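Quick heads-up: structures coming right below.
Two complexes, one shared chain (chain A), two partners (chain B, chain C).
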Partner chain A sequence: MAGVLGGIYNSIVKRNAVFLTTIFAGAFATNIIFNIGADSVWDQINKGRQWKDIKQRYMGDQEEEDE
Partner chain B sequence: MLARSSLRAARSARSISSPTVTSDAQRNASSQSSSESAAAWKSNGLLASSTLLAVGSVSWYYYQFGRPTQAMTPAEEGLHAPVHPWEHTKLYKTFDHSALRRGFQVYREVCSACHSLQRLPYRKFVGSFMTVDEAKALAEESEYDTDPNDEGEVEKRPGKLSDYMLAPYKNDEAARAANNGALPPDLSLITKARHGGCDYIFALLTGYPEEPPAGAVVQSGLNFNPYFPGTGIGMARALYDGLVEYEDGTSATTSQMAKDVVEFLNWAAEPEMDDRKRMGWKVMAVTSVLFGLSVWVKRYKWSNVKTRRLAYQPPPPNAQKQPGSVFRR
Partner chain C sequence: MLPTFARRSQYGTRNEGARGVQPWRQRVEYETFRSKYAPHAMISGAFAVAAGTGVLLLFDAVPKVQRDILQKVPIIGPYFVHEVPPEDNPF
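Showing the complex of A and B:
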């Protein structure tokens, strides 16, 4: 445990630039991952109700991705 | 304190019933009986009249200002619409976009003969219940004024995606003239503009009885609808079974069409609802994690205070007090 913590301290926390960069990158990564996860739960709950679930019925064979 | 006051009470009670006082009163009553009874009458009368005045003024005040006020009779109020378990109003549900598509079809084929939907541009339909091509084709069916050209002439051009839906009448006066003097309101925000929202409009559309109940007064040119405040509405029943033909095969009963058009009108009034709810649940998720964290931090910070034990050691009985009366060992 102490070894791991020490490793983290030495590699990340010790130098402020690295620490700050890690925080920023972590925030971005968390945001993206959370959004993807939350959206997929949402789409699962609302399966079949949203436009993206039904649009292929009306798009026909025209192969353009619009919006 | 209690004991003392009760003693005093007992003493004064004794003094009232003391023989001297009683005999005095008796003597007075016998010698001045006429003036005595007049005074009694006077005080009784005063008491009675002031009581009457008080009761009278309170009841007058209540009569003036205290009664429940009813601006309208129940008929003028309209029947309250039954509440339906709408799927799309649940906190975690989006609009059913195939219902929106059907509802727009109902609006276009039925309601748009009289009602405008002027706050909606065609571009809003794209990605909600229409493809770009469908929306463009729809827009091109209507004609719009161009900007004035070099000679100041205004010409006509087909609609574009950025145009707003056209109203069926040139202006409100024309709309009134065509509808017996009743103005069909714009439906863009109608679910927000009526008490009961979806439930009210659904009840209104499906609530026309075959014929008005016995005794109901319906002015000529009006139709009976118990849900409309006043019960006489300028709009006749608009939806009948099988009036439109849905492309997805849903059977077009009156209530199905009413439900679809109501959901569509709800979308027209709140097109942002899907995104709002999705955002809302993300916010709730994040804030509940943060709330849990803050509870943990609070307990962590307070654990020192909460777990400390205060021990009191009494001074030895014969210890000398120090100057300043603080005990030191």
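Showing the complex of A and C:
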């Protein structure tokens, strides 16, 4: 545990510039991963009820009077 | 200043304190590179990288930033491509 923390300190925390870059890049990555995860959970819960699932039923009508 | 990577000894610092010397009080055992253009060119460059990453983090929802910068990043580029099928496009 002490060795792992010491390694983290020496590689990431000791230089403030590296620390800031790690924090910002980590926040960016966390944002993307959380968004992808939350989208997949939402799609899973609402399977078959969203427009992208039922769009196929309405694709045959190519002539649309009122757009 | 010439670039150096000389080793500096830890003579006299090992046995201070209750559990030895804390990391922030140990003498760093190498001298870092010093550029002859500015005393802190390497550190300024590293902070510029950090600042750029921070700006991208704060402005990642701006479409111009997405189109010009974020879509060109290798792995996460396709995440910022928002393509609407023409049949769903209201415009």
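Here is the rule we go by: the second predicted complex is superposed on the first by the 58 of 67 C-alpha atoms of A that agree within 3 Å, B and C clash if a C-alpha of one lies under 4 Å from a C-alpha of the other, contacts with A are read in each partner's own complex, and residues count from 1 in each chain.
Following the convention adopted for this analysis, contacts are C-beta pairs under 8 Å (C-beta built on N, C-alpha and C of every residue); 3 or more make two chains touch, one makes a residue touch a chain.
A quick note: this is a predicted structure, and the numbers were derived from the prediction, not measured.
Visitor: By the touch definition at the top of the document, which applies to A:21: first (chain B), second (chain C), both, or neither?
Guide: In the superposed model, A:21 contacts chain C only, not chain B.
Visitor: Name the contact category of A:9: first (chain B only), second (chain C only), both, or neither.
Guide: second
Visitor: A:46 contacts which: chain B (first), chain C (second), both, neither?
Guide: first
Visitor: Check the residue A:32 against both partner chains and state whether it touches chain B (first), chain C (second), both, or neither.
Guide: A:32 sits against chain C, while chain B stays out of touch.
Visitor: In the superposed arrangement, what residues of chain A touch both chain B and chain C?
Guide: In the superposed arrangement, which is not itself an observed complex, chain A uses residues 51, 55, 59 for both chain B and chain C.
Visitor: Any idea which chain B residues touch chain A in the complex?
Guide: 92-98, 101, 126-134, 248, 274, 278, 281-282, 285-286
Visitor: Of all residues in chain C, which touch chain A in the complex?
Guide: 23, 43, 46-47, 49-51, 53-54, 56-57, 60, 76, 79, 87-88
Visitor: Okay, in this complex, where on chain A does chain C touch?
Guide: Interface residues on the chain A side: 6, 9-10, 14-18, 20-21, 24-25, 27-28, 31-32, 36, 51, 55, 59.
Visitor: Please output the residues of chain A touching chain B within their complex, sorted ascending.
Guide: Residues 34-35, 38-39, 42, 45-46, 49-51, 53-55, 57-59, 62, 64, 66-67.
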